[in-house]
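Below is one structure, written out as structure tokens, with a few remarks after it.
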Amino acid sequence: MAKAAVLGASGYLGGELIRLLSYHPDIDVTEAVSRSQAGKTVGEVSPSAEQYSDIVLRANSDGIDVDVAFLAQGAGEAMPVVPSLLERGIRVVDLGPDYRLPSAEEYARVYGRPHIDVEHLPEAVYGLPELFGDQVKGARLVANPGCYPTATLLAIAPLAAAGELHGPVVVDAKSGTSGTGALPSASAHHPEAALTVLPYGMPEHRHGPEMAAALGRLGAHHVPIVFVPHVVPLVRGILCSIYAAPGGGADAARWTALYQHRYEASPFVRVGGVPRLPWAQGTNRCYISVQPVGNVPVVFSALDNLGKGGAAQAIQNANLMLGLDETAGLSLPGFGV
Amino acid sequence: MAKAAVLGASGYLGGELIRLLSYHPDIDVTEAVSRSQAGKTVGEVSPSAEQYSDIVLRANSDGIDVDVAFLAQGAGEAMPVVPSLLERGIRVVDLGPDYRLPSAEEYARVYGRPHIDVEHLPEAVYGLPELFGDQVKGARLVANPGCYPTATLLAIAPLAAAGELHGPVVVDAKSGTSGTGALPSASAHHPEAALTVLPYGMPEHRHGPEMAAALGRLGAHHVPIVFVPHVVPLVRGILCSIYAAPGGGADAARWTALYQHRYEASPFVRVGGVPRLPWAQGTNRCYISVQPVGNVPVVFSALDNLGKGGAAQAIQNANLMLGLDETAGLSLPGFGV
Amino acid sequence: MAKAAVLGASGYLGGELIRLLSYHPDIDVTEAVSRSQAGKTVGEVSPSAEQYSDIVLRANSDGIDVDVAFLAQGAGEAMPVVPSLLERGIRVVDLGPDYRLPSAEEYARVYGRPHIDVEHLPEAVYGLPELFGDQVKGARLVANPGCYPTATLLAIAPLAAAGELHGPVVVDAKSGTSGTGALPSASAHHPEAALTVLPYGMPEHRHGPEMAAALGRLGAHHVPIVFVPHVVPLVRGILCSIYAAPGGGADAARWTALYQHRYEASPFVRVGGVPRLPWAQGTNRCYISVQPVGNVPVVFSALDNLGKGGAAQAIQNANLMLGLDETAGLSLPGFGV
Amino acid sequence: MAKAAVLGASGYLGGELIRLLSYHPDIDVTEAVSRSQAGKTVGEVSPSAEQYSDIVLRANSDGIDVDVAFLAQGAGEAMPVVPSLLERGIRVVDLGPDYRLPSAEEYARVYGRPHIDVEHLPEAVYGLPELFGDQVKGARLVANPGCYPTATLLAIAPLAAAGELHGPVVVDAKSGTSGTGALPSASAHHPEAALTVLPYGMPEHRHGPEMAAALGRLGAHHVPIVFVPHVVPLVRGILCSIYAAPGGGADAARWTALYQHRYEASPFVRVGGVPRLPWAQGTNRCYISVQPVGNVPVVFSALDNLGKGGAAQAIQNANLMLGLDETAGLSLPGFGV
């Protein structure tokens, strides 16, 4: 039984990690850290937590002795602690953005702060297992992808690999409000959020450069992505509608076959009809559908931003890093409604 | 054309006052005050405002010269300015709670702060025009009722007057999130509010003593009210479900007739079937329905917490105070959906 | 491994049964029946179903050979098939209302049709395991309670047992729309349901007599219940706010202790603070909180109408009937958000 | 005072017409027609209607004597009655699709039925007053545009006119559920609609050819539109996110100036920051914003599908046809929240 720590345990991603790990057969949460809620128990912060309710939240990760640490914190919070964790032999899955971009320069440009762990940045593996699973297996440090990049990259990677991605690609994303985090904010204030669709992130959402970097790793360096996220009045779930530039006529059947073939060995990607978000709720699944519109195939991808777009994918990465079955603890059912 | 000032113009009630007054034939907004947004224009704070977009928000009400001031602020914010406004001959409609309770002692007990304008507290009229309209007409200072008391009192006053109110009365209220105000808060954070029903205000919501005081004014001193508000995933609207203790057998027809008779001269109260909240949205209407359940008649009342439960009723009060038609500016249509 | 059939497999309760049973260690779904969707596969009807996707839906239950049948159908649909199922040695959990009421006369009055299986009606056990678990263990035929009665009875049984239930009891229930079933209807049409709170079921909802009958079994024959359900804009979940007549002064601590003691051995009932509905989603848990309001304790109970209020409780009953661990397959985690 | 008839008075568009016309100073509803609800009063069907509550719904339009008829019905329902209405000198605003497409052949292809009023089809004016207002003024028969085409065409017409529309244009639309109409349906069933975003209309939504035809009238014949509508969990409102192919570098300021200049004389189009849908609720306004994303300007347009996207625009057209002030009855305020 591997021992795990959850840092940022009082946030939504941290809560989801604790929730999912309570049913993991091979990983046990033994430490939980929350700067803002230190001293309380997990049960006080997350009353729905059951198995781990009595763990007392620590103020920091000093001296914890675990096999893997999940860092579910905001930008800039992983870099100060990752070196120490790695030095102590702890594998790290960072759910924040500190290790997702390929260079300290790009990180400084996008996040407006210098990168303070340039030593380990090069070894960080971008943890999208369906695309980079082989690298994840041997990694000490994994950068868990953002929710939007996960949905987008799974949806366009097969086209990129087939040489059918001719730019630019329009990615119109619709996300629930849990993506804004547990801290109340104007854009997620219910009276403001419940009755509208809010496009945001112009002129450049931080997940845009992350997508571009990942596309570069896939060899599609020169495909521009026009990415606009929208907050819709949902709590969980992301649907990306992706408009790839047409490349030689609509052939939905051929495209669907391309996707099915690409993902036939992937236990968490489902290719089929137009998806519903509840199917993905609480799971590590991403549902993909290719639909012709005029002579343009449009790709839809759906996932739970806290599941495959966050905590569940982090567990998938940890499974690979620890040599466990990739699907361990991740076969919980989704919902019909 | 009467001149009006709106204090608290950047809040939801303030915004609704400006919205409604933009269509008022006899009252013109000439001043708007917002401590937090002073210096901006109304249009910058409320992009949907049209007519009054160019008014620059003032930091306070010093020196304003108007006929009526609407105070749309929180507890404790009216008392410091009301004496000066009255002294300058300005009529005041206070949408906050400072002048709703009958004594400084009760105010101090309920709101946890001393009342600092005991001089004017006795002359304040409780501005529920359907019940106390005659007093409103001559008033300089009107305490606009809370949203829950408005819905509750309109629904039980006919029973109280008929001597059919045998205690205790259970008031189970369901409110949209706009009642929490424009400031982001944990209870109105979309991910927390959108998927649940949240009872709150135990053991005593502040609107309970307000209801009790108003019942006292109606001569029903000894009817205890068990009041529990719930936040439901709506933005606007309150539905109160009111369970009056049975007093001699169910007779829905007789009760409905009692209500219809009581409100036949009231332009803003509608007695009929089970109401839908959109009917009341943006209006000064309260919809009331009496339905038998077993041998107990249950009363439902529905209104817009920012309309009849707030800004629209404040305008109704101002109309009466200024000698205008009670319905002036208040005939905007509700919605089917 | 016990073999199970799900009748009504294309409805919401049927879909939830299949979802939950896909993770049950000791029960395997081998047959699924849907009159309206016969010939399709489970996967075509419920794309999120995984393990059982390839089962072909049968038009009826003729000739099925299973250990237990879950009947997830509407009123009147169980009675015609239960005799045959029992005769073939199949245990039956009926999620519909046909066997919930204590007499054929009461059934005919409430459901407006004669009961056609008076032979087996007397042996049906009312399957609320926390109250009647001993009877469930030996039963061939269990009537799974309605969603509202489950939430209400768990919340008031401790008071009834303690002799502290003095009538009448007001039950104001708030339910999500999935309770209306999978068939589109006016009251669950999104434009009608999303922006209001709809009280319904006046003058007598069918679950009222069911509650009264169960109270009778508990010895509280003469406690009248004033029950009004409301549809709120949620999909899953019920919150009941229960106002028990005051019986000698508010003592929240004593009441909470009473509840905690009553349910300390119940794995699925949690007594504590004010609950949130996501905690219960997809689970067999019921969360109960006692809160003082004035001198009246108010009881809140929260559950998932398709979980503890439906499919999950049906599995709990089947576990007991089959001699399995009561919690088998029912330890899936709820949600924080 | 012009006399008006509303056909389809029991639907959502019909209800909105009656609602809005109750505040129109120069048009009076004197007749209302509803095949399905004939014999009932308007008030029975639309309890929030006030002024027109007592009008008895007629089964058809035979013999009505009005100045203008609003046809708020589905595809195929206008063609049979328009000839008779025109013959009797009644002006017609058709809110359905029967007269929107430029030829009977195109109509037959898109709607799957032959056009049966080819005589009047050529004279029908496409009633988007901001683009074709001069033609509307003299028209007897106006085809009121669809909700999506209204939002899309207002957003791209300035680019088309400036020769800056280089194809293809991606239109990703998000609509509330009221667009599906008053009849309950699977896609608007609350449990299905409330927790997801549903793309639909593939491979070709009927509003696509309508947009193409209108673009043709604007001289932009060869700009392909890739249009995908999505149902989001809102009741009212449409947000279109429009991705125009880049044409020479991002210059948000220049584009905004282009739009502001184009619509400076249009009382119902507002060009500015990112809009919120409540601003448009119940109004005839369309809010447009141009935002740079990378080097691509993205255009957002927001309106109420029952307002500017339906009933309010129909009234705007009728105002022009009857020689009234274009804004008569259409200055109701939108909402902040």
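Order of writing sets the chain letters: A, B, C and D. Residues in each chain are counted from 1.
By definition in this document, contacts are C-beta pairs under 8 Å (C-beta built on N, C-alpha and C of every residue); 3 or more make two chains touch, one makes a residue touch a chain.
The model shown is predicted, which means the values in this text are computed figures rather than measured ones.
J.: Going by the stated contact rule, which chains contact chain A and chain D alike?
T.: The common neighbours are B, C.
J.: Let me spell it out: compute each chain's centre from its C-alpha atoms, then which one is farthest from chain D's centre?
T.: C
J.: Would you kindly tell me how far, in whole Å, the mean C-alpha position of chain D lies from that of chain B?
T.: That gives a centre separation of 36 Å.
J.: How big is the gap, in whole Å, between where the Cα atoms of chain A centre and where those of chain B centre?
T.: 45
J.: Multi-chain contacts only, two chains or more: what residues does chain A have there?
T.: 12, 178, 191, 195, 233-235, 276, 278, 337
J.: Where on chain C is chain A touching in the complex?
T.: Residues 12, 15-16, 19-20, 22-23, 46-50, 178, 235-236, 272-273, 275-276, 278-279, 282, 306, 331-337.
J.: So in the complex, the part of chain D that touches chain A is made up of which residues?
T.: 168, 170, 172, 174, 191-192, 195-200, 202-204, 208, 224-228, 230, 232-234, 237, 239, 241, 243, 246, 250, 274, 276-278, 291-294, 296, 298, 300, 337
J.: Which residues of chain C touch chain D in their complex?
T.: Residues in contact with chain D: 12, 176-178, 180, 182, 184-186, 188-191, 193-195, 233-235.
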